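These notes are about the structure you will find just below.
Chain nomenclature is as follows: A, B, C and D, assigned in order of appearance, with residue numbering initiated at 1 for each chain independently.
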Amino acid sequence: MQDFSYVAAKTVPEAVALLDEKGEKARILAGGTDLIVQVREARRDVDLMIDVKSIPAVNVLDYNADTGLTLGAAVECYKIYAVDAICDAYPSLIDATTIIGGTAIQGRAGVGGNLCNASPAADGIPPLIVLNATCVIAGPNGERELPVEQFCTAPGQTALEKGEMLVSLKVPAPASNSSSFYLRFIPRNEMDIAVVGAGASVTLDDAKQTIVSARIALAAVAPTPLFAEEASALLAGREISDAAIDEAAQAAQAIARPISDMRGTAEQRTHLVGVLTRRALNGAIQRVQDAS
Amino acid sequence: MPTVVIPPLMRKFTGGEENITLPGATVREVIDNLESRHPGIKERLCEEDRLKPGIAIYINGLLTRGSLLEHVDADAEIHFLPAIGGGMAKPSD
Amino acid sequence: MARKSHVQTTINGETVEFLCESRQSLLEVLRDELHLTGAKEGCNNGNCGACSVILDGRLVNSCLVLGVETEGKSVETIEGLAEPDKLHPIQDAFLENAALQCGICTPGFIMSAKALLDSNPNPTEHEIRYWLAGNLCRCTGYDKIVKAVLDVAKASA
Amino acid sequence: MAEKKEYKVIGTRPIRHDGVDKVTGRALYGADFQMTGLLHGRVLRSPHAHARIISIDTSRAEAYPGVKGVVTAKDLPDAGDKVADLGEGAVNLKHLCDNILASDKVLYKGHAVAAVAATSPHIAEEACTLIDVEYEVLPPVLEVRQAMEADAPLLHEHLKTTSMGETADEPSNVASHIQHKLGDPEKGFAEADIVVERDFVTGTVHQGYIEPHNATAHFNQDGQLTIWCSTQGAFTVREQVAEILQYPISKIKVVPMEIGGGFGGKISVYIKPVAALLAKKTGKPVKVLMSRADVFEGTGPTPASYIRVKMGATKDGKITAAEAYLAFEAGAYPGAPVGPGAMCIFAPYSIENVVIDGYDVVVNKPKTAPYRAPGAPNAAFGSESVVDEIAEKLDIDPLEIRLLNAAKEGDRRADGPIHPRIGCIETLEATKAHPHYTAPNGKKHHGRGVASGYWFNIGLESSVTINVNSDGTINLIEGSTDIGGTRASIAMQAAEVLGIPAESVNPSVVDTNSVGYTAVTGGSRTTYATGYAAYEAAQEVKRKMIARAAKLWEVNEANVQFADGEFSCINGKEEQISFRDLCAQLGQTGGPIVGSGTVNPGGAGGAYATHVVDVVVDEETGKVEILRYTAVQDAGRAIHPSYVEGQIQGGAVQGIGWALNEEYIYNAEGTMTNASFLDYRMPTCLDLPMIDAVIVEVPNPGHPYGVRGVGEVPIVPPMAAIANAIYDAIGVRMTELPMSPDRLLKAMGKI
């Protein structure tokens, strides 16, 4: 493993200044479950790791039924699913945080790090997309916000500019009659990277028979996680039916541009997009309908 | 007398004969007697007075150490089989 | 030569100081600097769980923690589990159930099981299997490991 | 002949002797070894699957601060044309050496090319990147059928096919051809009412032990070489290192540390000679560890294979003929386990007409190493799938057709030898009687499958020494490394002889200077053969103790009898003394007692297993879930039933992994793209149900307590059992391993 320096930053400005100074070869260390492996396997060239875990702003975990969730970028998965109110409000986020790695990984890895790692197959990103999350980014010129679906730009690449870091994620409070669902396909039951992942959120009418709006997101079928915008829009105003869900699934399949690799073949992935989109939508609808 | 079961790939030496009964109290004697009856077969089984690598001897169904000095009972059945490669069964000398 | 940092941490209740390079993982520090070789390296990328330790009360893969990150923290390893004259109940259960064969994964499984039972003293079989999925065992087929953890849970119920 | 009788220790479940050390983290495995002044070694590996080495320049690495030495194949003695006769069979010495450090060609991605010793592992790793190797890249051969084609690129210019002593004229990638023939197959097929013939393909899989290979070596000034390592056999390490380094065995001591799994994969040496070379070059102790990727790319997997099986049967289910064609990938150097595959393929059946052809074929993949019943699982996937299909087509219950044709004592195996007392029928009967087999199974996409398997087991040499302690305990010294509780199963056999509790035996696994020659822990031989040696050593102790009692009582030895741990005097005197009390008298009666046993038993006694599995198939994703699993096996006599169950469960689960997901995935250049535990998908506990292990005991007449080896046969049936269950669930015959979701989707026509 290459040699590098380590700094435990105390404040966001301190971390930002270091990032700005060192450029590409400085990386934020949060959970480290991706970064440490990448450096160890010489897949990333790093001179400086900036540990942000002692910065209060990146450790915020605050949920309010009116204003929604503020999720610090370094908050570990296990802390997220330990909060019942978050489990109730954002079930897709819980679906994802309970399947990232194993329990030991979940003790270190967080959704913010999952997002910054920008893997096309990240389980944490589709839920953020379907939940309409916003990234809060700090940089040399202050803070800015960015919709989460615009954050990843290529495998391992993000919209973060020189000197910028992700501070937190803001997730709006869920609408009434809404819920969400995330699932992935893996050959084993744990410890695998998604062959395909699909997330969906739906808001139903009061009768819970018609879809008011929906959002669908996909993982591992393109260079970045995808917001399936057309497939989502197709469902707005539709009565719940297999036909409507099939149409959305087909629209989702249409935007998938998967590759073949050791985790799955392109044709398998395209097929699975249809299967998982249906299951995610049905799962989210079921959750709304099951809620009293 | 012991019986030698000729491996299929060596039956061309014996005119297709599968089981040959011949005298011998050790593997060496049996092979020598086999050679005098079917010339050329010893060369396929042995080199420099040792069993060739890749060939194993079973006597009455039991794997032996592959030594030509191995004793052979009067009613023994002897098999020459491919030695089991892949790390399992060829004992070292 | 790579520079070393001074780190002070608590390991199994004792204050420990060590020097380490930034690139040394907690696993390397435990094994090579402190000679606590109970945590094992099976994969060095968080996929086998053989290096599992408990960091500030939470199960982690020590191969995915930098030694320098443990400044001021508390680490529990397999070496700290038993009392001087008594094994921890999980250790006893592993022995009674023959829940180990080669034993290389055993420290990781025991630490992982401890973290589970600390937070959920009465898990179901499925909860045990879910929690332990990050620990690979190639010898036992997991049957007796799961039974050992179930036994501990039953005893505490 | 071992009879069914009551034992005091055998069949009980004591705590294993090494247990406390292993649950407290105190047990020392190879990588845990520490030594003052230790250097750390790392190996540079080939990035190409097939290339000629033009040059190696180590100067930049040697100049790197902290580097103490660099070695390449030039540091190995010239192997010439010698044949090395090792514990693992006769091997061309050049092949053996070239696999340690490539000399002229690299034959697989991950092939070791050079190694560095430095003051830290990180420095050694960095220095490896500074070694400049110039390659002439050659086209790789990555599949067995491709390798067998006449115009395939050749891996070895001088390799020619041998078949039972005859060598072909032209070079080829086919290292050897074997054949077994019984009866008249043509006639047998003519008598059949139904003939089923199918092709099967299996992928390359790895043993997947959790502990990577490791070795620490040190050369003393007097030339004494000591190697501390994890291995399945310290003596085979000694032999291999001696051959590779052309160094006398008497100057090599191998200290076996605890071993973190092997399954056959820790018999061949890889980095042990490299550590020795680096130690020699630097004059310091050097520890070399493999990374997980090194393990996948640089150590023996078990072969991928192409298999064709044809079987014929009459309408009433009698199998009249069987034919098999087995082509196994040896990896870079000859030595695929096609021999055992050919021996085992039809061994569960009594068939009069059989022909089996086997081919050992080199390809540009790591040289294969044994893996649990090497060769037999590949073969059984084919044969047991075909038997299932015949049963289905004839509408006969799959267990009934197996019973109808079951092999039994006196039947001739296809490879020639006659079966001794075996437990094939008893195992099948026990499976039939198990509640799992008759449990309801009719839900949609649910299926049940069965399959059987055979493994011949081996004996080989083992040595045990027993020292009697004055407190009534014994110290048992053995050379078999303990991978799965064999300290206990060996100690228990000595305890049984001496009428003492298992806890009164202190077993130690010692180095090659401290015990008689002992072959590897492999071939399911340890509890059988080393247990046999312990039995013999204990018998000697018993005889000597009887002599002491006779001396104590001033009677003839013939008048002393030993039973249930008590010596007593028959004929006259009313004397009795326990083993323990007599031990306290050793000083008075003539001093210490040492017993030794050394064996090389031929009657290992084959083992049979039949497995039943229930699956559910997700028709939309192709994923197979294992719902219930029962593994029935003849253990001869289960010494420590818990660890016998453990072997059965572990073997079954490795088989489940092999069946469903495990495989080396290669790109066109011959690079394995999934060389990690993340993407080489071994089962986790969340993928499995409990594995019900059922022990059948048909004592092996070749062992005083009836022991049969148990470690290997449980991996033989799972692949076919699962394939048969998948067929039962969705009506699709899977003929390629692994039966991964994408392959199922394809087979179902979904993609």
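What we mean here is this: a residue touches a chain if its C-beta (ideal position, glycine included) is under 8 Å from a C-beta of that chain, and two chains touch if they have at least 3 such contacts.
Just so it is clear, the model here is predicted, and its values are computed rather than measured.
In terms of C-beta pairs in contact, B-D outnumbers the other of A-D and B-D. Chain A and chain B have centres, each the mean of its CA atoms, that are 68 Å apart.
For the pair chain B and chain C, the distance between mean C-alpha positions equals 55 Å. Taking the mean of the C-alpha atoms as each chain's centre, chain A and chain D sit 44 Å apart. Rounded to a whole number, the gap between the C-alpha centres of chain B and chain D is 27 angstrom. Counting partner chains per residue, chain A shows two or more touched chains at residues 1-3, 102, 189-191. Counting partner chains per residue, chain C has residues 2, 21, 23, 44-45, 47, 130, 132-135 touching two or more of them.
The chain pairs satisfying the stated touch condition come to A-C, A-D, B-D, C-D.
Interface residues of chain D, counted against chain B in their complex, comprise 83, 85-91, 162-166, 176-181, 236, 239, 264, 267-268, 334-340, 342-343, 355, 358, 360, 368-370, 374-375, 415-420, 458-461, 519-520, 522-523, 600, 602-603.
Those residues of chain A that touch chain D in the shared complex are 1-3, 102, 185, 187-193, 195, 261-265, 267-268, 270-272, 275. Chain B contributes residues 5, 7-10, 43-45, 52-55, 58, 60-65, 77, 79-93 to its touches with chain D in the complex.
Of all the residues in chain D, the ones that touch chain A in their complex are 122, 125-126, 620-623, 660-661, 665, 673-674, 678-679, 681, 683-684, 686-687, 740-742, 745, 750-751. Contact residues of chain D toward chain C in the complex are 13, 15-16, 18-20, 22-29, 31-32, 34, 65-66, 122, 207-212, 258-263, 289, 291-292, 483-485, 640, 642-643, 645-647, 649-654, 676-678, 682-686, 688, 690-691, 693.
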